[in-house]
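Before any comments, here is the structure.
The first chain written gets the first letter, and so on, giving A, B, C and D; residue counts start at 1 in each chain.
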Amino acid sequence: MKKSFTQLAYKDLNDFVYGSCPNPVTTKSGLVIGGGTIYPELNFTLPGMNIDENSVKDAYKIYADIINGALKRAHELYAPGVVLELETLVNFTENPKWGIEVNRIILDIMKEYADKYGLKTALRATLNDTREMSRPPVMRSGKYWDGMIEAFEGCARDGADFLSIESTGGKELHDDALVNAEIKQVIFSLGVLAARDMEFLWGHLVDIADRNNCYAAGDSSCGFANTAMVLAERGFIPKSFAAVVRVATASRALVAYEMGAVGPSKDCEYAGPYIKAITGTPISAEGKSAACAHFSPVGNISAAVADLWSNESVQQVKLLSDYAPIVSMEQLIYDCRLMNEATKQGMNVQFRDLLVESDSPLDVHAYVLRPDFVFDISKELVKEQNPFLRTKLAAQLAVEGLKKGIADGKVSADKRDNKYLDIMARELDEIPEDPMEFYNDIKEDLDESKYLPGEYLIGEATSV
Amino acid sequence: MSKFENIAQCVLDGEFKKVKGLVNKAMDDGAKPMDIINEGLIGGMNLVTPLFKTGEMFVPEVMKSAKTMNIGMELLKEHIKEGDLVTKGVIVTGTVKGDLHDIGKNLVGMMLESSGYTVIDLGTDIEPEDFLKAIEEQKPDIIGMSALLTTTMMNIKETIDFLQEKGVRDKVKIMIGGAPISQEFADQVGADGYGEDAAAAVELCDSLLSEKAHA
Amino acid sequence: MKKSFTQLAYKDLNDFVYGSCPNPVTTKSGLVIGGGTIYPELNFTLPGMNIDENSVKDAYKIYADIINGALKRAHELYAPGVVLELETLVNFTENPKWGIEVNRIILDIMKEYADKYGLKTALRATLNDTREMSRPPVMRSGKYWDGMIEAFEGCARDGADFLSIESTGGKELHDDALVNAEIKQVIFSLGVLAARDMEFLWGHLVDIADRNNCYAAGDSSCGFANTAMVLAERGFIPKSFAAVVRVATASRALVAYEMGAVGPSKDCEYAGPYIKAITGTPISAEGKSAACAHFSPVGNISAAVADLWSNESVQQVKLLSDYAPIVSMEQLIYDCRLMNEATKQGMNVQFRDLLVESDSPLDVHAYVLRPDFVFDISKELVKEQNPFLRTKLAAQLAVEGLKKGIADGKVSADKRDNKYLDIMARELDEIPEDPMEFYNDIKEDLDESKYLPGEYLIGEATSV
Amino acid sequence: MSKFENIAQCVLDGEFKKVKGLVNKAMDDGAKPMDIINEGLIGGMNLVTPLFKTGEMFVPEVMKSAKTMNIGMELLKEHIKEGDLVTKGVIVTGTVKGDLHDIGKNLVGMMLESSGYTVIDLGTDIEPEDFLKAIEEQKPDIIGMSALLTTTMMNIKETIDFLQEKGVRDKVKIMIGGAPISQEFADQVGADGYGEDAAAAVELCDSLLSEKAHA
C-alpha cells in the first residue's frame, strides 16, 4: 500500500517551475492545481476574541465576512481561481462541530460566488493537531485524536477539496533540540518520532479522503522548520542550523506522500520544492506575501516552483483600505497575475530564475531552496527509503552543499556559520545506522518527561 | 576581577567540561567560594547577557554558559551558607488557558534563569485558578503569561481580571508576550509590561523589579 | 524662470523603464534615485489616537518605534537603500513645531542606522495641505498658509532630502465634478484652478528647497485622480471616467516641474509615468504594495517605470508577525530585489513588459499607464504649454486612446464605458480655447459658495 | 402603477429636461398630484435604489434621477397640502473635529436625499458642541459622523461621550463611517452602526429607523 519514490519526478531542471507539475490535481470546481497556472491561496484567522458556546456564533459571522470580502475582491480583480485555507484554531478541532460548521459556511459562500459570478474556488481544510494538548502528547488514541478525526471526516464529507495538517509528532523533543542547536536530537525527533507518527496519521487521513471524494493534500513541517527559521530570523539560533533543519524536514514531509497524499502541499511547508521534485505533486508556498504572519529570508525564492501562492495567515483587522484578508487577497492575485503572464509569454523559467537569484546569494536559508540545490539533494534522497536514514542523509547533504556554497562565494553567511556547519557535520557522522542504537546513544540527553516512547512504537517491532 | 578571569572566560565560552577543574583549582589555591561565584561564575554570565542582547551570542551558546555556571555552582554550594546566594527574583511562567505554544515561553524561562532569576514554569494551557494558586504558594515577584493565538490572547485579560477579583493582582508584576500581543494590548488589559522576545523579557523583568524596589 | 518641456525626455521606449531616468537625483546619503536601482519608499501613520499637547509625545514615540522597526528590518534584509516618507497629519502641519519635531526624530534614527550599519536612507517630508481648513479655502495667505510654509522651512532646514505635498487647489470643486461625472468641471478644476495654485505654491516650495540644500520633489494629484480611482473601484463612477481624469491630472502635476521641481514624484501620483516621460525626472509609485491603504486595478503596471516603490500608508497596528509598517518594508524590499535582479540580468525591459501586460488588458485605468500609451499622449502634450489647454488635450487624447483600445479589443471595458467615453468626447469638444470664456460658460453649474475665485486670480490678469 | 410608468421611467433615466412636460401632461389629464408623486416620481426613485445597490447604476446617474424627481416635485408642491409629503427621516451629517475629508460624507448625504431622507449637513471639522446644537434644534432621527484619519477617528468617541454627558445621546441614532472605521470600532465607541460606503449607509439608516420604530 505504501508508495516509494525511487527516482526524481523530473528529468529536466527547466521543467521544474512554478504553476505546473507532473501530477496536477483537479478540484471540484475544475481548477487544475499544477496544470500551468499558479493560483492564490488565502489563509485567514479571527481577531483577538474568546471562543465559547456563545461567542462561537460571532466567530461564524466573522468567518463569513472574511470570505465574502475576499471573494468579492477576487471577482473584481478577475482572479482565474482562488484556493481558501481554513486552518482551524484549537477550539474548533477540540469541538469538531464548530470546525465543521465553519467549513460548511465557507463552502456555502464559495457556491454563491460560483453561481453568481462563475468564480472558481477550492477549500483546504487544515485541522489543528490537538494531540499535543495532553502533555506528554498522546498520539494514537484519546479524546483529542477522536475529535480531530471527527473534524476531518466532517469537513471532508461536506465538500472540502483538500485535507491538510501541521502534525506535531516529535515536536515535544524538537523544540528543545532547536534552542540548544542539537542536530542529533533534531534527527531523532524528525527521522524517528515524526516519521513514525506521520505514517500512522496519514494512513488514517488518506483513508478519510478516499472515502469522501477529496484529496489528502499534505502535512507541513511548520512546527519544526518554520520555528527554526523564525528563531534564526530573531538571531536566536544560527541561520545555517535552521537551513539544515529545513532540508531535513523534507524527509518527514515525504512520509505523507508515501502513504498516499497527492498534494497540494501546505503553504508553510517551505521544503515543498523537495516534495515536488521527488513526487511530482503540486505544492503551495508563501514568502513576501506572508510577511503579515512572519518574516523570512526567502520572500521571492519560495515562489520559484510554487503552484499555489499563499499569505500564511492574517487576522481580520481593519487597515486603511479594508480588512487585512482582503489586502492579502489583492496582493496574492497581483503576484500570481505577473507570474502567469510570464508563463504566457514563455518566460516562466527566466522568471523563476529571477526569483531564485534575487534571494539565494544573500542567505543560507534561501540558498537551500534553489531548484538546482533541491535537485542535487533530491536525487540522493530517492536512493534511501528509510525515513530515519533519509533524514540524516538530507541533513548531511545540506551541510555539505552549504559549505560548498559558502566556500565558492555563492552565498554569503554569518561569520559563525562555518563553525556550526562543522559541528553539525561531525555530529551527523556520529549517528549510527540503526535507530534503536541511536536512541540508546542519545537517550540520556532527552527529556523523558516530555514524550511517551510507546506512542512512537519505541521498543516495539516496527517497519522503521 | 582578574583573579577569576579564567573561570569567567570558561563560563562565557560555555566550556562546561572544564569548569569543575578550574573551580577546584581556585579552591585549592584558597579562594573564597563567594568570590569564585561572584567574580568567576556570575562574572562570566554577566559578560554573556549583553552579548546576547546585541546578537553576538546565540541562545544555545547562552544555554551552554548557563550550564557551565550551574556546574560550578553545584560544586560550591556545600561550601557556602544558605542565604548567601540571592536570586534576582522569582518568576512564574505559563501559557494561558487554551494555548499550547510554549517554545517562546520556554526560551524566556531559560534566558531568565541564565540571568539569575528563579523561574517556576507552570506549563501550557494554564487556568486562571492555577496562576492564583502559584501566587499564593510561590510568592513570585513577576508572573509571565503568553498566548500565541488571537483566540487565546483574551484569556490573558480573563486571567488578569480574575487575579484582580481575587485581590492579588497588585502583589505581583505581570508581563505578557506572544505573537499577537503588543504594547497597546498590554496597556488595555492592565499588564505591567510586554516583552517582544526572550531578550526583551529579561530587560523587562529587570526594569519591573527596579520599579518595584522604588515603589 | 519657468521651465518648459517641449519634447519628450526619451527617444526610445526601451529606455523608459523602472529604476533609471535621464535626470536622476542624489540624496544626502548618496542614494541615486533613478540611477539604475529601484528602492523601497516606506510611508506610515499613527494608529487611532487623539493628538494634543500631551499626547503628541506619545506620537513622537510611536514614530520613533515605526522607524526603528522598519530600518532594523531593512538592515536585516540587506536593502541597498530605503526612502522614508513622513506625510504629516493635519495637526502636525497646523502646529509646525510638531511636524518639524517628527521630521527631526526620523532624521536622527536614520543617522543612527547609517553610523551603525552603513544603511543608506533618505527622507521625504510631505506636508499636509492645510489650506482647505478654511471653507471656502484660502490659498495664498492666512494662518494655514503660514503654518504650512513654516513646517516646510523647518523640515528642509533640519535635513529632509525631498519636499512634497498633495496640494488641494481646485479640489473644492473637483469633488462634486467627480461624483456627478462632469468632465467640464473636472477640466476647469484641474486646468484652471489647480494649475494656477500649483504655480503659486511651487514657486515658494522650490525657493525653500533651494535655500536649504534639498530637492523640491513634486506634488501628487491624490485628491483628484486617486479619489476618482477609489470611487470607480467601489462602482460609484465609471472606470473610464476615472481613467480619463487620471491622464488629465498629468498636466496639473507637470506645473510643479515647470516651476523647478526635480523629483522624485510622490508615490500616489499614478500619472507619474507621464511626468517621467516628459521631464526625465525619477518617480515614485505604489500598486499592490499599497493595498494596505487602498485597492487599485493597477497593482503591477504601476511599477513598470517606477524609481521608488511605495506602500502608500499603513498604520502602526500589530499583525501576527509584527507591526504593519515592518510588514510593508519587507514586502517592498522583496519586490525591489526582484526588479533589480532583472535589471542586473539585462531583463528589465522584459520585466517591465510583464508588469504592463499582466494588468493592462483587464482594466481601462491600467491601460492608460501602458508605457506606449503614455509615450503617445506625452508626445502631444509637450506641444501645448498652456496648462488649461494641456489638461483638456490630455483628457481628449485619453478618451480617444481608450476608445481605440476598447474597439481593438486590447482592453476589456464595462459595457457602459463606451457611452461615457462618447459623452466625455462631446463635452470636451465644447470647451472653448479661452479659460475665461470657459469660466463664463460653466459658471452657473459651479457651487459659488465652495470656492474663492480671487484665490485663483479669476477676473485678474494672469499668465494662464 | 402602470399609469405613471412614463414618469417613473423618466426619473429612472434621469431625463431631467423632460420631466416637466410629462408631469404637466399628467396634470392636464386630471391625475391627482399625490398619485403622480407616489407612483411616478417616488416610484421612479424606488427603481433606482436597488440598481445602485447592485452596481447597475453609477452615482452620477442616481444624482440625475434625484434631480429629475426634484424638478417634478417642485412643480407639484403648490398643488398638495403641507404634511402630505413625509420624509423618511431627518439626518444630520458632518465630519468630526479636525477632519476635512468630506467627499465620502457628501456622497452619503446625496444618496440619503435620493432615497427620501431629509439631510442637514453641518460640513467639516465639526465640534461636539455643534452636533449637540443640531440635535436640539433640528431634532434629527440620525446623526452621521465621519472621520478619514486615524488621528481624528477618536473625535467620534469624544463626540459621542459629549452627547452622553449632555443627556441627549439616546434621542438619536448615531452612525459612523470613514476609511479607518470598522464595525468593531463602532461597537467600542457606542455608535449604533457603521456604514462602509454610501450604499451601505442608506441600508443602515433604513434599518436603524425601523429599529427605532419598533423600540
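Everything that follows uses one rule, which is that a residue touches a chain if its C-beta (ideal position, glycine included) is under 8 Å from a C-beta of that chain, and two chains touch if they have at least 3 such contacts.
Labels paired with UniProt names: A, C = Methanol:corrinoid methyltransferase; B, D = 5-methyltetrahydrofolate--homocysteine methyltransferase.
Just so it is clear, the structure is predicted and the values come from calculations on it, not from any experiment.
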Smallest count of steps, each to a touching chain, taking chain A to chain D: 1
Those chains which touch chain D and also touch chain B: A, C
More contacts between chains, A-B or B-C: A-B
Relative to chain D, chain with the most remote C-alpha centre: B
Intercentroid distance (Cα basis), chain C paired with chain B, Å: 51
Rounded Å distance between chain C and chain D, as computed from the means of their C-alpha atoms: 33
Geometric centre distance via CA averages, chain C-chain A, whole Å: 41
Interface hub residues of chain C, defined as touching at least two other chains: 45, 47, 315, 320-321
Per-residue overlap in chain B, given as positions that touch at least 2 other chains: 150, 180, 185
Chain contact graph, described as a line, ring, star, complete graph or other shape: other
Full enumeration of touching chain pairs: A-B, A-C, A-D, B-C, C-D
Of chain A, residues touching chain C in the complex: 45, 73, 76-78, 233, 287-289, 291-295, 297, 299-300, 313-315, 317, 319-322, 324, 326-327, 330-331, 333-335, 337-338, 340-342, 345, 347, 350-351, 354-355, 357-359, 362
Touch list for chain D against partner chain A, complex: 150, 179-182, 184-185
Residues on chain D engaged by chain C in the complex (per definition of touch): 55, 58-60, 63, 98-100, 102-103, 106-107, 110, 123-125, 149-155, 158, 180, 185, 197-198
Sites on chain A touched by chain D in the complex: 47, 318, 320-321, 323
Touching residues (chain side chain A, partner chain B) in the complex: 45-51, 89-91, 132-133, 135, 175-176, 178-182, 227, 231, 234-238, 315, 416
